[in-house]
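Please go over the structures that come below.
Both complexes shown next keep subunit A, but they swap its partner, so subunit B is in the first and subunit C is in the second.
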Partner chain A sequence: MSSASAIYLVEGVLLVAIQEDISDTDILDLQEALSERVVDEAARAVVMDISALEIVDTFVGRILAQLASVSKLLDAQTYVVGMRPAVAMTLVELGMDLPESKTALSLTHALKDLRGESRG
Partner chain B sequence: MTETATETVLTILQNDFEEIVDAWISTQSDEGVQRTDLFSHKEGREQTSALVRALVTGIEKGATGDRFDLASDAWSELRNVLVDVTQERSERGVTPSDMASFVLALKAPVFYRLKDRLAKYPANLVEEIWLFTRVVDAFAVYCTEVFIAERDRIIEQQRDQMQELSTPVVELWDKVLTLPLIGTMDSARAQEVMENLLETILQRQAEVVIVDLTGVQTVDTQVAQHMLRMAAAVRLMGAECIISGISPTIAQTMVQLGVDVGEVTTRSTIRNGLADALSRIGYEITKKKDH
Partner chain C sequence: MSSASAIYLVEGVLLVAIQEDISDTDILDLQEALSERVVDEAARAVVMDISALEIVDTFVGRILAQLASVSKLLDAQTYVVGMRPAVAMTLVELGMDLPESKTALSLTHALKDLRGESRG
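Then we have the complex of A and B:
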């Protein structure tokens, strides 16, 4: 697996920082690897940091949405964090507003939200 | 006849410097183009002297006759003075035609002196007049260009200001932004507002955004869709969007148009919106007991 999709486990949460130069095959590999890791680690959430992504196309948008749906089936909440304004506008224009994911400004915000939830 | 073309003009300008300046100024008042209401006599005199000095420099460098080109280096001093004077005067409301008349008024005093000196040499006289006319006319045209450029700059500046005015994003509280929309929304403006808002969310790391529609009279389908897209984009970035102040008319329009508001939070007034926003980021508004 390429460095474009390293996955870290922190506090039962899988963290993925998507790299700027991620290719279509990388992201497919990531989808597969991530779903396995969710089950293996019994992760309660997946946080995907996409702040490095400057552009998204329909393919990446769809994979992001699928990742969220898959994680949901595996009982993990997906967070998409750090989305850039231009990316947000593109996804909305394309009608892909990631209904299955939660969103946060940054990794810190997502983790804060997750801790809040676990306490509640 | 020892003096060659334009040298006579140069001599006249150098020898009769003060008289020319005086005559130029008085021609202006004779023609009613000296706007003493807009700038003082002293300023007018300083500007006029500076122009004549720069004119002398230009002619001294020998850049007249067939080689005359106002854009050349020899005339840079005059161009700079003209730009300064024109900008100064245009800011104070002098019109382009007043400014052109002002420049052209230089002809009369110089021509009269040329006539005195070259009365016996009609051919030289005509040539001197012709060359000097070319120079002065070029100044007048240049002034007009400066005027137009200045107007363009002002229009550009005002357009930018208007745009900023129409899309104000205000940081109401730590992590809370508000976007008070006023007037008529159209698609172009809605797009602009959205871009501006999303950028500000990123910069300020805002968690809640209140879009206030109190000042918006009507919306059409497109604008309503834009509002909802904006809310969706705000959510994608990880912030929350509250829409406040929707008027009864707009609410009816939106429902009649079948616009699906979905999960967007709406609050009746910006005041309720703020209370909601503050509670979401962990603040509580309480009233002091004594009051």
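Then we have the complex of A and C:
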């Protein structure tokens, strides 16, 4: 896997920043690496930062949805943070509304939600 | 039924460990035996440990989903524990995300969830 998609563990939460120029192969590797880390670290959540993504196509949209479904099966909640308005619009137009993911404005909001705190 | 899939009762919860080499016939027998035990023991939950499964096909995936649906109709919550990352990815790729099952990392996590305790 390229270093472009390093996975960090913070408070039992796996953080992944998806890079703008992530290739289809990289994102498949990421899917595999991430699901293994969820089990190895007994992670309670996965936070995917997609703020670097300016556009999204059906392939990336489907992988994002699959990542969330796989994490759910492995008992981890997925948060997608940093989604750009254009990406949100494209996902809706493509009929991909990421049903298994929670979305949060930022990592801070996602971590607050995980701690059960209200948005402040 | 082969002894490979013995069913244990702990605190009103039925535990089943699915063996790696479980045959299609065995898993059908298990489905029948399990649903009978759920009623006989008035079990409140079924915990299926699938950590021995390294791969899963559509048949096994469908039976896992059916076991959960049957248990739900019999008023028992199903937990799937010990799922390997590769199995989770295959299930998602096959479009089988086990909607009626809760997944948990381990038996300990499933029992904690049943007792209403948060993950510690």
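Quick note on the criterion: the second predicted complex is superposed on the first by the 116 of 120 C-alpha atoms of A that agree within 3 Å, B and C clash if a C-alpha of one lies under 4 Å from a C-alpha of the other, contacts with A are read in each partner's own complex, and residues count from 1 in each chain.
Methods note: a contact is a pair of C-beta atoms (placed from the backbone, for glycine too) under 8 Å apart; a residue touches a chain by one contact, two chains touch by 3 or more.
Only a predicted model underlies this, so the values are computations on that prediction, with no experimental measurement involved.
Once the two complexes are laid over each other on the shared chain, residue contacts for A:Leu98 go to subunit B alone; subunit C is not touched. Contacts of A:Val80 after superposition on the shared chain: subunit B is touched, whereas subunit C is not.
Residue contacts after overlaying the shared chain place A:Leu15 against neither subunit B nor subunit C. Applying the stated contact rule after C-alpha superposition, one finds that A:Leu64 touches neither subunit B nor subunit C. Annotation for subunit A, partner touching more residues between subunit B and subunit C: B.
In the superposition on chain A, contact of A:Leu107 is made with neither subunit B nor subunit C.
Judged by the touch definition given at the top, the superposed model places A:Met89 against subunit B, while subunit C stays out of reach.
Remark: subunit A residues 31-32, 35-36, 38-39, 42, 44, 66, 69-70, 72-75, 100 touch subunit C in the complex.
By the touch rule above, subunit C contacts subunit A in their complex via residues 80, 83-86, 88-89, 91-93, 97-98, 103-105, 109, 119.
By the touch rule above, subunit A contacts subunit B in their complex via residues 80-85, 87-89, 91-93, 97-98, 103-106, 109-110. Here subunit B touches subunit A in the complex through residues 194-195, 198-199, 201-202, 205-207, 229, 232-239, going by the rule given at the top.
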